[in-house]
Structures are given as C-alpha cells and as structure tokens.
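The same subunit A turns up in both complexes below, where it pairs with subunit B and then with subunit C.
Then we have the complex of A and B:
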C-alpha cells in the first residue's frame, strides 16, 4: 500500500487524488490547450485564405499553415488532453496511485519534444505535406521522427493507464467493476495501442525512406496502413469523448447509465469493429476490390455505427432519467428545458452530443458508403464532416469537461464566468456552421486543401457557381465566430490557472450531484418507457438520417454512369 | 453514477430499459439497410466504381497516352498547345495527371461509352470532374480503367483535388462532351 501523504482529498468531490497523477493531469491538459491555441491560430489563417474575398496567405504559407493546423489540433491537442483523461479516469476515479509516474513523465516529454520537432519541421517550410503526408511527396526526416516520438510518448501513457488499472485492482481501491467512464477510457486506450502500432508500421519505413535508406514506398500500401492510424486515432477521440459525456452526465446530474450492460457492450463494439475504417479513405482508389471496400467501410455491418447510435440514446437518456427522478416530469421535454443551460459544462456537453450525431455522424455514414463516396471524395465536404466530429464533437466535449475539471483540480474560480456562459454557444455554433458551409461547398465540388478556387494562375480554369464562393465566405465568417469562442475558452482556462481566485466556499455547484436514488431499481423495469423525451429525439435523428442518406443516393443516380 | 463502480455488482443481469431495447433493434435494422444498399447498388445502380486496375510504370503510361493523343488529335486547346483528342466511341481513352496538369483534353460524344484509363506520372492526384462532382483518386504506378458514359453535353473541367505541391491549385484539365 502507498503512503497517505501522497494523496490529497478533493474538497469538492471527495475523490482521493494521487499527487503525481494530479500534476500529470494538469501538465498534459495545459499542454493540450497550448497546442489547441497554436493550431487554432493556423486554422484561422486557413479559413481566411479560403474566404475568396479575403484570400489572406500566399500559396506556400497556406499549405504550410494547413499542415500545421491539422497536426496541432487533430493530433497534438486531442492526444494530450486524452492522456489527461486517461490518468483522470484511472487514478482519480478509482482512487488509486498512478503506475510509474516516471514513465508517465517520460511519455509526456517524448510527446512534447515530438510535437515541437514536427512543428519546427513544418515551419521551416520544407515539410508542407499535409497531415496525411501521402508518399511519394516527401517531408524532411524530422517531420516523421517528431510524429513517431509523439506516438511513443502516447503509447507510454497508455501503458501507465493499463498499469494503474492493474494496481487499483490489486490494491482493492474500488469494489466490483470499474466505472463506466473508466471502461470507456480503457476502450480509448486499447484503440490507441492499435492505432500507434499501425502508425509505427508505416511511419518508421517512411522515415527511413525520407533519410534515403529505402528506395520506394508503395503509394497504395502507404494509404491502407497510414489510415489504420489516421482513422483509428479518430476512434480514440470518439471513445474518449463519449466517456466524457457519461462523466459529465454523472457530474452534473448524478446520472447513472440506463443500463450498464448496453452501454458497455456498445463500447466493446468500438474495439471490435472501428479498426476496419481505414477503407473510408480508400473508396475511390485503384487496386482494391469492392468486397474489401464494402466490408471495411461498413465496420463489418455498421456495428460501430450501431454502437454510436446506442450511446446517442443512452447518454441523453441517462440525463433524462436523472432529471425525471428530481421531479422534472412534465411532458416530454421539461427535463431538457430545466437543464442548466447557463452552465458551460452542460451547454458544451449538450451541443457536443447533438452536433456530433446530426452533423458528424450522419455525414460520416453517407460519405463512408462505397458508391456515395464518388460524389464527395476529397471535396471540402470531407473537412466539413470531420470538423463536426472532431471540433463540435470531441473538442467541445473536452472544453465542457475542462469547465469542471480546471476549477476542481486547481481549486480556483473561473476568471470570466460571464463569458464562459456564452463560450460553448459561440464556439459550438460557429464551428457547427463551419461544418455546414464546408459540406455545402463540397456538394458543389469545391476541393479541399486548395489555395485558389478562382484558378487565377491556371492555364485552364473552372467557374464555380456563385453559391460555392458564397459558402466559402460564410465559412470564413463562421470560423471567426468559432475562433472567438475558442479564444474565450483559452483565456478563461489560462487565466483561471494563473490568476484565478482560490476557492473559498465549498462550491456545491461544482460537486457531482448526488445520485438521487438507486435509479435502475425503480424505473429500470422492462415494462415502462422511462425516457420518452430522449426516445422522441432519437426518432427525429433517425428520420433525418434516413432522408439525408437517400437524398444523396438520388444525387449519385444523376451523375454520369460509371462502371 | 457513471463515474463510480456500478451499484449492483452483478450489473449484467439487470433488466434493460424498454426504450433502450426498442432503439437498439431499430438501429440494427437501419444498419443492415445501410450495409445492403451497397451490394444492391452494384446490382441495380449505374454508378459503381470499377475494380479494374493494373500496375504500370509511369514511363509506359506516358508513352501510351502520347500515342493515343497523337493518333486522335483534332486541334489544340486555345493557345495552350495542349492537344484536344477525339477518340472513337467505345474505345480506350487516356488521361494522365502530372505536376501540374491533366493531359490531354478529351472530346467525347454524348451517350457513348468509353474506357477511361487514369494514372499519375509523379505524385498522387485527385481527378475531380466538375460540375458532375465525380471524384477519383489517381496514383502513380497504378492504372485504373473506368467505363464512363457522359450523358449530358457541355464543357467539363477536371480539377485536381489531391494536394500535389505548390502548383496544386493550377492543375485543371478539360473534357468536352458533344452531341455528335
């Protein structure tokens, strides 16, 4: 057993917090936020360049900024914050000491050095190869080396997480099964190990090729394996942010999963099937059979989509059940109307659930359909989709968590509570509109990663319809709105950590609301409909999904016959 | 609560809430429909991507494309010097991608079928046919053969939509579809 002086008791929550874990969570989360800021600034430059009337950057800087934007936010920000979540979900939630803080620090420094190294390579200007770095386009060796170091650091963090689970079990710091949130984090960590393995298999040879030890890398093989990392790493985000959703429902409402069995099985489906999704990026590629494409792109039979649809019901369902338990029982939606919409931890969480499902989920399934991919592949529809999943889904969920986590861990009060109320709406709606406008422009064929859709320097050009230019302009404005929200978030977090007033009162609103009653025992009998409001919302989602999906088949049926 | 261990140690025997079961069944049915739409479209749909592809050396592909262009060239595109090639209906036609052009310009007949061969001589490129919005990835060393049937006459552009370096945004080609 460890000594008690290595622990402190959180005055808000009563959690026993292992001091080395406390420090690691803080450093990883803060590093993530710093890279969110850097990547966000590059993102603003990209959006303003793609706004035809502004066209901010020259071409070389645009491609440089786009490469840096992708790396810093899609990879560095999310993984740093996810490491913080892993340590929180293991050490704090289980009340256990963290396995080998030394290894965890080694992981942290590897990640930081790797991230800085890759950023330097990109900023030098000789590695503007985009996040995907498709061969035979070559970056400088330190570009690949930085990513590899970052990944090794992340792998160490996963092992520290697994080690902590083992220690907690051995030292009996908890009874029975791990909490659902820890279970979800475990799923994220398992997927992370797969992901990093795929990354190593392709990036190590690519590094050797860049140095000159390997003469040739097959372009198709590169993509098949690279997306084993690239797409799977998005599944780490999904598993992690769904774990965060469950955590926020518990913290804010004392919510309990409707059924542990269903939620855990849904998480398990992610491990079993999400790894297949590499084919999403290979649907219009030569040299792969339709059978391979269909099986892989559908995660077998869309079993991972099934899992996400299940969470889409059970997360808001658990909130509804908890609210109804507290007496918000009028009609279908009183539980939702009377939710704390002014608390950024809740509004960020709610917007994240809705936009991840409606914008990110539906568009993802549409474009992941073998034939439908023909009409959107590599158009700006694709970034439209993943800005919905990764920004309004994952990033917004992480921001919502930070509104609770930062004041709790640092024991300080938010410096700008008034602005914080508006922040999730500004950021969430701004970035949601970014997704919508990009998807709209993509259906008109506007290419992604493209400096000039006016083709001013081209021998031959193409006149995009006015609507395409309009939507790229609106995209720029929406990005500014989102960026303002992002800036408020960063200001609030950094300000709170540096200058926040220490908490004096026992801040009851920060504490996890006590679970009202053993909920399942009372409403969970199989005979009643306990969450009619959520079920209604789920049916609205399904109808939108079905309509949007078949509208796109109709679009496809209108283009030139191909075979 | 989701942040604490389940209250019932034997949580896997708890009953499942009714709306949850109903939703799982509905979602599963929808997933099956999503899955079977793809094979179904292979049978009844007209827009399916070919599985026909070959390995080819860039030099070999360039040679074949040049021979094809020379044989069927009808004029040049404006003052660009790029040949406009009008192959017979039903034949094998070629377009190559290279830094930074799609070459040559094609002139096809409406409602006729052609076997379009695509490959790249250097990096990866994205064949994006506008305003149809048909998008196909083009790799070096791989030759993809797609049977196409243009069903509307007009002037089409081929924009590159895979990032291919600093001149990427200038890479545009052309396909004319004529009635006769």
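Then we have the complex of A and C:
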C-alpha cells in the first residue's frame, strides 16, 4: 500500500498541509455549511409559526420543520464542521500526514448518505418525531438508519483523528505535548466516541422496533440512553468551540494561554464530568433518584462548570496579555477597544465568548438545579438556553473560524468583505435576542414544541399573559435578524469558494509575514497573569451569575405561595 | 521564565504524572467513556430496573 506523503505549504501561515487532509477539511466544512443553510431555512419556518400573529405553518408541517431543523443544525452541520476541525487540529497543526484518508472518505460518505436519508424520511412526512424521537412515537426505519449511518461515519472520523495523533508522534512531527488546540480537539473526539456509543446502544434497537423485530422499548430507558447521545453531542460542541476560541486568539493576536497547565486541566475536567449533564433532561422523571439527578446535573458537583469558567477567564485573558505586550496598556480596556472589531473572525469570536458565558452558561447552571428546573421544564426556556450555547456559542465561533479558514485554505478573497464585517453582529445579536425572548417566554410558562399557544379549537384552552405573546413576536423578529446574518455568512462562504478572486501577490505582501512557527501550533504560556481588564469582566460575570441564580430561587418561592 | 515546552525540564527529569496522563489520548479516551457510562448510563439503568412493576 502506498502512503500519500504529498504536502503543500500555506503561503499565509507556513503550515505544512497534507493534501488529502486539505481536501477532506474542505469537503466536510462545505457540507456542514450546506446543512446549516437547510436547517436554517426550517428554523425560519419554525420561528414564524411560533410568532402568534404570523403562525405560518399548519400543525403537521410545523412538526416536520421542527424535526428537520433540530436534526440539520444540532447534529449534521455541527458534526461535519467538527470533523473538519479534528482533521485541522491533528494533521495541519501537527504537520502530519492524515491517518488513512480512505477511512476518512468512507466516514464522509457515510455521514452524507445518512444525513440525506434522514432528511428524506422527515420530508416524506412520516417521521415528524422531532430531534429527540421519543418512543412510543415511531418514525420510518430509514429515519433511524440514516442517523446510525451518520454516527458510524463520524466515529470513523474520530478514529482517523486518533490515528493521526499516533502517526504524528511516531514520525516526530512535533516535540513534547500536542498544542492546546489539538488537546481541545482530542477532548471533543473523546466525548464524540461516548456520544456515538450511546447513540448506537439506543438507536439500533429502536430501528429494529420500527421494523417490527422488537415489540416494546421502555420509554424511560430510551430517554436515559438517548440523552447520552443527545446532550453529549452538544458537549462535543462545547469542547470544539473552546478549542476554536484558543485557536482564534492565537491566530489573530499571537496569544498564548495564561497557563497551559490550567487550561489543560480544565479540559481534563470536561473529559471527566461534562457528559454527565445529560441528566438535565430527566429532572422531572419520578423513576430516578435525587442522588442520581443532583450528582449528574451538577456535572459532578459543578467541576465541569468550573472548567468552563476557567476557559471563560483564560481565553480573553490570553488576548489581553497579547494586546498589552503590543503596547495597548492604557487603563483597563484599551486592549479591548483597540481589538479588530471590523474583522469578522474577531467580532464573531468575541460575541461567542460573551454570549456563551452570559446567556448559555448562566441559564444552563440554573436549569441544572433540580428544584429550579421545575419552573422552566419543557417550556420554551429550554430552546432559549441551547440557542445561546449552540448558536451564539458554537455556531458563531465556527463562523468566526470560517472567516479565517476559508480564505486561507482556498487562497481566495472574501466576495462580500463589507457585509462580512456586519455579519457576526447581525447573526450574534439576532440569535442572542432569540435566546433572551425564548427564555423570557419560557419563564411565563410558554411550552416548547407547541404549534399554537392561542389554543384555537382546543377543548381545554389556556390564556397566556400578553407579555408571553409579545415575547414570542419579538422572538420571531429577532430570528429574522439572525437569519439575515446567517444568509450573509452562507453567501460569503459559498461565493468565496465558487467565485472568490484568487489571493493576489500584492495582497499577500500586505499581509503580515507568517511567523516561522505559528503560535497556534506550539506549546507555551503567555508568561504573565497581569490581566486586570479580564478579571474585571470576570467579576461582572460572577455577580450576574449569582444574582440570576438567586432571582430564580425567589421566583421559585413565588410559584407555590405558602401563606 | 517563559515555558516553551511541556517537558522543558532537563532530559533526566521524570515527566509528571498529570502530563503523562494528558499526553496519552487513549487513556483520556478510556476515562472519557468510562466515567459517563458508569455514573450516567449504568447508574440510570440500575435505578430504572429497580422500579417495581405495577400489578
């Protein structure tokens, strides 16, 4: 068997890129963006239906669109892009050949065939079981088979990633420990393996049940194991987008982490405890004990929350340290004011850090508290929370990376650079508002996955307060704003790949000369802990966190008046 | 002094335990699969199977 050892050198970064890895990164990233577009269109239809004054779709189409939206954006877009990140973080950052490109291509095609198969099953109209596909709701067999094929493909990609780490070590393409970004990607791959294993344990029998070989699947057993996949798949996103934050800080600012050891230990806490949060979805199940719920939903006594707060401190801290080294030392925030806010790779990254922490992080910890969870369980607060984590956190971080990755890999200029400057703000703020309005409506009791909160023709109706209707209307408007941002991103990416002007020599000369060894591919600390601006922002975060947490206890106390 | 490599100490210095752990992706994989399997899935299944069946 011949091994492809062909590399090219990136003129912008100096990276040695293995040609098969180059192609696989491109195909996986583009496939992800296509599914983001498809899932985004379904998302607009869902948001416009939940806007009471518009109420776009009939009930059957609403549940079809909701199923397709959840599947395409929560699973397909993110996993395709994450596979691209895994190959980038292993083969490119370590300067190594990719292990078994053939297996990587087999994984890619399995993922693509699986995703298309499941989408067809949903669009046919006989599998509107939503992303969770809770039994005893039964979808067509090809719905489950498609997800299984997709998962097997993703598992192959994880094995290729681990194989590439082995090859890089054996062929000594790096010395010492792998770079922090590669370590973060390793954590994402570890979580992915558990996620896929949990998916296989539950989806294979569910497939057999849908074709009639198994007579019964216990609903609670299904929920427990399914959420081992469903929630853990979102934890892959967390680990991957934090690796992307560190990568962008290094690429844009030459920033090194404040402490490699602390950041790596925080990632280790993710490996140990992050996936336990799957139990969030089981907090009102009477068949499970409080001990089980509290241990798991607190990510083992909040140790994984601690890890997220460490990353939330060290990522902006590393940027501050790098900026101060360049002379932006005036006051607490000159380093932040003088940051490149017009560069979409930076603005997307900055908004992602802030909104993931403030909106997604704080609401997630509140929801994971057994007593507080009852206030918002199964309300639209829950999608409000995960639109903050997955959309303003992960998707925005991936978009920010794409603004650097696509022009660098394809060696083309962005087709709409002016619009690109505005895109992260439109998308990030739009989707941030979606999260806020959904969480507001959820606090007022508006249910999730509900076609009509007016309860037209219902035997037992319910009048939600006017504020709830207002929130749902504002949610629809904010979703349109976010969708406009999403459309600009997709136009920019697809347009750049298809019609972008090749980077000229003049443009290359204007760009700063690549460092001999890019910081993102090295091990090393910033060498300082003097980041007063970041510590001030961290204090603002902690005060907000504490206040919001206690406001919700106060709110819980008002649910059942005890006078 | 700025640290440039994880194992930047002298060649004779033993590699710390935590670094050995974090430099081994397969050990991380083992831990990352075992922990949630035991604490989330197995514990959950044990509790479900302990629920008495209605007569």
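Following the convention adopted for this analysis, the second predicted complex is superposed on the first by the 530 of 563 C-alpha atoms of A that agree within 3 Å, B and C clash if a C-alpha of one lies under 4 Å from a C-alpha of the other, contacts with A are read in each partner's own complex, and residues count from 1 in each chain.
FYI, contacts are C-beta pairs under 8 Å (C-beta built on N, C-alpha and C of every residue); 3 or more make two chains touch, one makes a residue touch a chain.
Not measured: the values here are computed from a predicted model.
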Touching partner for A:224 - first (subunit B), second (subunit C), both, neither: second
Touching partner for A:53 - first (subunit B), second (subunit C), both, neither: neither
Touching partner for A:296 - first (subunit B), second (subunit C), both, neither: second
Which superposed partner A:190 touches (first subunit B, second subunit C, both, neither): second
First, second, both or neither for A:176, with subunit B first and subunit C second: both
Touch count on subunit A, higher of subunit B and subunit C: B
Touching partner for A:260 - first (subunit B), second (subunit C), both, neither: both
Subunit B versus subunit C as contact partner of A:276, first or second or both or neither: second
Subunit B versus subunit C as contact partner of A:287, first or second or both or neither: both
Overlap of subunit C and subunit B interfaces on subunit A (superposed complexes): 175-178, 218, 220, 260-261, 282, 287-289, 523-525, 527
Touching residues (chain side subunit B, partner subunit A) in the complex: 1-9, 11-12, 14-24, 26-28, 30-32, 34-35, 37-39, 41-42, 45-51, 53, 77, 80, 82, 101, 118, 122-124, 126, 128-144, 146-152, 157, 159-166, 168-174
Subunit A residues within the subunit B interface of the complex: 59-60, 63, 93, 130, 134, 136-137, 174-181, 218-220, 246-247, 249-251, 254-262, 282-290, 294, 298, 301-303, 305-306, 309-310, 313-314, 317-318, 365, 369-371, 373-379, 443-445, 447-453, 455, 457-462, 464-465, 512, 515, 518, 520, 523-532, 534-535, 538, 542, 545-546, 549, 553, 556-557, 559-563
Contacting residues of subunit C [partner subunit A, same complex]: 2-8, 18-19, 21-23, 25-26, 28-29, 31-33, 35-37, 39-41, 43-45, 47-48, 51
In the complex, subunit A residues that touch subunit C: 162, 165, 175-178, 183, 186-187, 189-191, 193-194, 197-198, 201, 218, 220-221, 224-225, 228, 232, 260-261, 264-265, 268, 271-273, 275-276, 278-279, 282, 287-289, 292, 295-296, 300, 522-525, 527
